[in-house]
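Naming follows writing order (A, B, C, D and E), and every chain is counted from residue 1.
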Amino acid sequence: MTPAIKNTALFALVFGLILATGFLQSWNVALGILNMGLISAIMALGVNMQWGYAGLFNVGVMGFVALGGLGVVITSMAPVGEAWAAGGLRVIVALLTGAGTIAAAILAWKRLKRHRGLAVTAILVVGFFVYRWLFDPAVAAIEAVNPAREGYLGGLGLPVLLGWVVGGLLAAGAAWIVGKVALGLRSDYLAIATLGIAEIIIAVLKNEDWLSRGVKNVIGIPRPVPYEIDLQNDPGFVERAQAWGLDPVTFSSIAVKLAYAGLFVVVLLALVWLAELALNSPWGRMMRAIRDNEIAAEAMGKDVTLRHLQIFIIGSAVCGLAGAMMTTLDGQLTPGSYQPLRFTFLIWVMVIVGGSGNNWGAVLGGFLVWFLWVEVEPLGRLLMELVTAPMPEGFWLKDHLLESAAHMRLLTMGVILLLVLRFSPRGLIPER
Amino acid sequence: MDLLNAIVALLNFVIIPATAYGAQLALGALGVTMIYGILRFSNFAHGDTMAFGTMVTVLMTWALQGWGVSIAPLPTALLALPVGIVVTAALLLGTDRVVYRFYRARKAKPVVLVIVSMGVMFIMNGLVRFIIGPDDQRFADGARFVINAREFKQWSGLDEGLALRTSQAITIVTAVIVVALLFWFLMRTRTGKSMRAFSDNEDLALLSGINPDRVVTITWMIVAALATVAGVLYGLDKSFKPFTYFQLLLPIFASAIVGGLGSPVGAIAGGFLIAFSEVTVTYAFKKVAGYLLPEALEPEGLLQLLSTDYKFAVSFAILIIVLLVRPTGLFRGKAV
Amino acid sequence: MSDNPWAEDRGNMDRSIGDPEHQGTIPARQGGPAVPVENGGPFLIGEKMTGGYGGADILHDCTIWVEKGEIAVIVGPNGAGKSTAMKAIFGMLDLRSGRVKLDGLDITALTPQDRVAHGMAFVPQTNNIFTSLTVEENLEMGAFLRRDDISRTMEQVYELFPILKEKRRQPAGELSGGQRQQVAVGRALMTEPQVLMLDEPTAGVSPIVMDELFDRIIEVARTGISILMVEQNARQALEIADRGFVLVQGRNAYTDTGQALLANPEVRRTFLGG
Amino acid sequence: MAEPMIRVENLHKHFGGFHAVDGASLSIEKGTITGLIGPNGAGKTTLFNVVAGVLPPTSGRVYMEGEDITGLPPHTLFHKGLLRTFQIAHEFSSLTVRENLMVVPPHQSGETLWNAWFRRGRVAAEERAIAKKADEVLEFLTIDHLADEKAGNLSGGQKKLLELGRTMMVDARVVFLDEVGAGVNRTLLNTIGDAIVRLNRERGYTFCMIEHDMDFIKRLCDPVIVMAEGKVLAEGSAEEIMSNEAVIEAYLGRGLRNKARAAKAEA
Amino acid sequence: GSHMKEVKIGIILGFTGPIESLTPHMAAGAELAIEEVNASGLLLGGTKVAPVRADSTCIDAGAAVAAAERLVTAEGIKAIMGADCSGVTGAILQNVALPNGIVMISPSATSPGLSHHNNEDNGLFFRTAPSDARQGEVMAEILLEQGITEVALTYTNNDYGKGLADSFQAAFEARGGKVTISVPHEDGKADYSAEVGALAAAGGQRLVVAGYVDQGGSGIVRAALDTGAFDTFHFPDGMISAKLEENFGSEIDGSTGQHPGTDSPGVARFAELVGDKFDATSPFTPESYDAAALIMLAMQAAGSDDPNVFKTKVMDVANAPGEKIYPGELDKALKIIAEGGDIDYVGASAVELIGPGESAGNYREIVIKDGKITTVRYR
């Protein structure tokens, strides 16, 4: 079996699984899996760029995904005029002051020869107090504006698709900062740095209400596709549905999901195309050279740190883009739901299972693992029902097993990861 | 000015909690650092190993309580601890046998082992939830306090109370004993020295006749003991919930790295550094300052450096600062 | 590039997750028993060894031996397989064919640890001390398999290398190159070996210490211990050698007494720099 | 007098307490092939590493044509025309031999993502030119039959050739060669020697090479610098060096001292 | 009829998660109403109602949406009794109920953010619990009436906690009280010493804990008691349950609190009806009974189980005019409606749906006495 045939077969298998879900469960569920599968594939693609191309170990995927979501909110939500009036400008000035303080401190550290510790401390302390003096009242004022429904600055009221770009850019910006710090350390401590930064990003999203309502969540984010209700109320649509013998309500939600799927497919294919082009260009050759031997690459005139930074930023931006897409699909930003197991480690499972270093592998891993993540729960329940069928009703073990079936999910993911690492360590679609 | 009240307030809200928390972190970080030093990878499953060990201990404690066994005023869990350690050690050795050994034999790169440990993390995570469920479990019993805040107030006549929970006292005492034992073992015994040798230079250890399998086995057993003890102490002091243990991973890793990965002394120092900075940076010093300063100068604000929302950002900030100044960690870990 | 898909790190340099530097390189082997064979033949011999590191063979029918109490020296160009031959004799790589015999036993199947127990000691070319352990602990580790009182042997080592006694509480990593080399040899002697194998013991050592080391090696040999060593300082080594092996590309090129090899103009020209 | 190509001033490099380079000062004049010899562990490779920017010096300065280049990163030095090869071959193991060479030329437009995506015509043209050059180099080094082999699968000697080949992909000004000859078959070594001489004469490369093979040194190098214990021990023509007492003592040697021989005789 | 029709109603509550000690009673309450209707056999000419449970987890929006989606698309439910916590309720509403046109009546989601004016919810969403905008005011009144003017405040860091804390702080300060510090706490962390340290330093006569009893809320109380930082507390709805008594007993004597509840005759009847099958006084249990009842009564009034039809009838059956209906009288109500009469459902929680389709808000004020939750009065 040539690799091409094998890979096609693998993709066919995954789509077969999704189709089977459509026939056996419902098309809504199947399309739901497909859509999140597409998003997962993009996330996996982002991580794969960092890990597969450059060996950068990013365990902060969650943070970049969340920043993507933030991008959508600040782009597409309607601005809250009252909040802007109450303290919008002041917050902006405060943030600029904060950024300026840090820049000044770094500059002082680099330029000054003597007393630089003292100077930097002084700059930071003074800057901090000025910042707080500007920031705190503004935030209080903004958050006081109708806190139940608003209490934040809102967004720019721009089309939500623009939010995807902004989401990617936000993630890229954060990656630039992390990369500057972590990739600059003498030994590379990227893993722990990303682990920490992801938690901090989530903490910021949870607690800075003026920005995105914090834990009060932003709901009702505009959509790039029509609302089901509007479709259901559109006589033309209902007519067509009925002409095809379909229930307009079901058909409307399927139509919306299909529209999302279309958008996502376009993004995914564009990304894969760009990634493949890059990988097969002199740029990709250089990246592989750096991955093989940093010291030699450096001696051959390649700026390894800069390239690492570049790929780290690009990969994170892709994760951010995926996060923005996910937030759009959900129609809401709920910082409380970002968990590392789901948004960092699961993505890693996708990359490793799919095949690191290979874009198609990452995509396959995204689809396959997401499918399993969703379907293992009902399957696990089924399994448990089978196992416990002979047990008497009300027997404690039976109840316990049925109750715990939900936790089969994590277990299964672990087992799959270990099996792949053992028997196909380069993943299902290995790097060429 | 009221020095006594200030000291008591500080003790009660900063020093005692931070010491107990620091001891728990240090024990966790010791486990991480042992695996890093000897098996040469960062074990992402360590938090869940702690959860597993604690879970076994909790189940055993319940059983003992059911049989009416008790060592009041000490918590029954202490009695159940050895069982927890043994079962956890068995689990870890089993895991090593079916999972890690394969990669070790193939000289897999550490990063591969890290990814493998992610898989193990998922499995243990599921396993613990499968057995005991995802919820809070209380298993502490015995006397709650060594020093009770209310009684202390009455006894001392101070405005501030001082509380020392039994679990905190046990935590600190146990941590001291465990650490002393560990260091005695590593520095003085033949086996301990052979483990240090293995950690230092695997090939040469082999050439000296040190049996690597034995070193690995003993390492897992020590790790099981450290993880279970750390987990149970944490659970006694706070409560047992599998998810919290997973979340402990960040501060534990931060401790181990700050101290210098692979260095046991570093792990301990790192644990206390992280714990104390987390608590002090987010503590509102208003009250303490109020006792110390003359009335006219009494502060208006809370004197809180950072709101508690960002408390674990502190571990991270400390980590970065230390690494920028000393890339090998406080105690010169292995990463050069 | 390795053919081992598990040993790929994709260039990852992240020190917070792994410690590749201190990772061992000796592959784990399934050990077997030592088998008695017909007596006679040299005390230690690696016979017609063929093998390598998994890829192409490095050694081709290479034979190396040493008699009891003798000094045997292996010389040859870089990459000839000298270190590989030593590793093969010590069981640190799998031979495709050939065997290793020690004192009437076929020990081909033994693991390196088991060979230590059978009286062999090895000092690798590099990384041959425990840098974070004190000098004394280094020596103790040498005697790891011994159950008897090691203090006498330790005294002997200190007598041999007095500087080590002075520094015995110091971490070995803080010692100079020459001193480290002494620690390495001392560690090996602590096993009370019958055969001592040294891979370039004088590398990175100043000439004075080098002479010193050669002296010690002769003294050790006089106590009845066989010595098998690789040397880049080929001339000096051959001067004290009872036997010399010249390896070229994994094959025996010349085998003779040390003096004879030194006298051989061909050998002088090609390998000893004229 | 013109500025030397490379001038090293009182260079120290310490690893912990260990002084690998301990106050070395030396100059490499333009247009020479300078030999650097010395016992194992004398600090030659470390000196190379410091000059090439791989390691930061503990103290001391390095100048290139009068310009202070101390502590500049290797990729910057590369662009200034300072190249080096490695004692232990540092090939890009998962790239083919040709790709290994094609990586080298600086300022390739295809190394920018934008061009890789949107100016593919230009990149492709450039690639053809580079590939052609790479093939020429491979032919010169007599390993053109291996062009599509993964570099990881080359033999030790072939990897050394590849290292040398990389320096031929660009217009270097000064090239540091760390034991190119080690592990290379003698006839091939002669070819390499010829190549070095040709690059030196025709293209004006300055070379500094570490080598243990005195024949090779004698044939190519003038002057020769001897290092020992982190310091420069002697400098001069190959003949001078080989008759220098201190060098014989520290490096070339003249056999064992009497004590050892006497001991042996006794036994 | 010979062929029984069946209509399914989803019961989506957090059976696992931070309020898992409340939800069994809530679900039982809803199912009690369903049993009652089924027993009467009067709904839509003998249609049977089948409850289908699903787990909202209370906090994980993704899981909750998936569960709801499954119930709607695979099980074919016509209405949702739920969800419980505000965050997941909003998520299910937006992503499942609205697109699929499913009626949703929540018994306990109290976030002010869920009050939909302008028909944003397409008339599909109702709640039998009042908005926390109201609870905040009531809480402020209760405290001030007891002469408490300075409190420290901690809340669970989610939309419920934050929303309630905001509305309480605003109301309390508007009435002249002072909140010395407002500290969020994350659920599921085991260590709250930093939070309690800050709360203690800020001080206050009482500590207001707007958290969950099965989660960080209890952790905070524990730590505050242990360190002697506070002895008395004030608890809003998420904290009040049997678990609170069990956890702390008389250690928190003198603490106060409130949760949605009434002393209408309905409560007593409900308790009677429940007997000892489950805890009828557990928070949101009456509301759950009422939510389920309202769904079925609206179906009856509309004569259809099509959500888009019966959604318009919910307000009608809940409010005057009409005959007052109490727990245990669902059969009577069904009969009246079938005969073309009008009802005013009062139920167990004195249902009165105002403006955006939510309960006007009656509260039960409690105090902890001898380790027991005891009613002070209703307001």
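By our rule, a contact is a pair of C-beta atoms (placed from the backbone, for glycine too) under 8 Å apart; a residue touches a chain by one contact, two chains touch by 3 or more.
A quick note: this is a predicted structure, and the numbers were derived from the prediction, not measured.
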Chains in contact with chain B and with chain E: which ones? A
Chain centres computed over CA atoms; the one at greatest distance from chain C is chain E
Distance in whole angstrom between the CA centres of chain A and chain D is 46
Chain B-chain C separation of Cα centroids, rounded to whole Å: 43
Averaged over CA atoms, how far is the centre of chain D from the centre of chain E? Could you give it in whole Å? 77
Cα centroid separation between chain A and chain B, in whole Å? 31
Indicate the residues of chain E shared as contacts by at least two other chains. 16, 157, 184
Touching two or more other chains - residues of chain B: 42, 111-112, 114, 134, 253, 257, 307, 309, 335-336
Residue list for chain D, restricted to those that touch at least two other chains: 93-94
Which two-chain combinations touch? A-B, A-C, A-D, A-E, B-C, B-E, C-D
In the complex of these two chains, what residues of chain E are touching chain A? 16, 55, 59-62, 65-66, 69-70, 73-74, 87, 90-91, 94-95, 98-101, 111-113, 115, 120, 122, 131, 133, 157-159, 161-163, 166-167, 170, 184
Of all residues in chain C, those that touch chain D in their complex: 1-2, 55, 77-79, 173-174, 176-177, 200, 203-207, 211, 214-215, 218-219, 221-222, 232-233, 235-236, 239-240, 273-274
Sites on chain D touched by chain A in the complex: 52, 54, 73-75, 78-79, 83-84, 86, 90-95, 99-100, 102-104, 106, 108-113, 116-117, 120, 123, 126-127, 166
Which of the residues in chain A end up touching chain D in this complex? 274, 277-278, 281-286, 288-289, 291-293, 295-304, 310, 314
Which part of chain D faces chain C closely enough to touch in the complex? 16-18, 39-41, 93-94, 150, 152-153, 156-157, 179, 182-183, 213-215, 228-229, 249-253, 255-257, 259-261, 263-264, 267
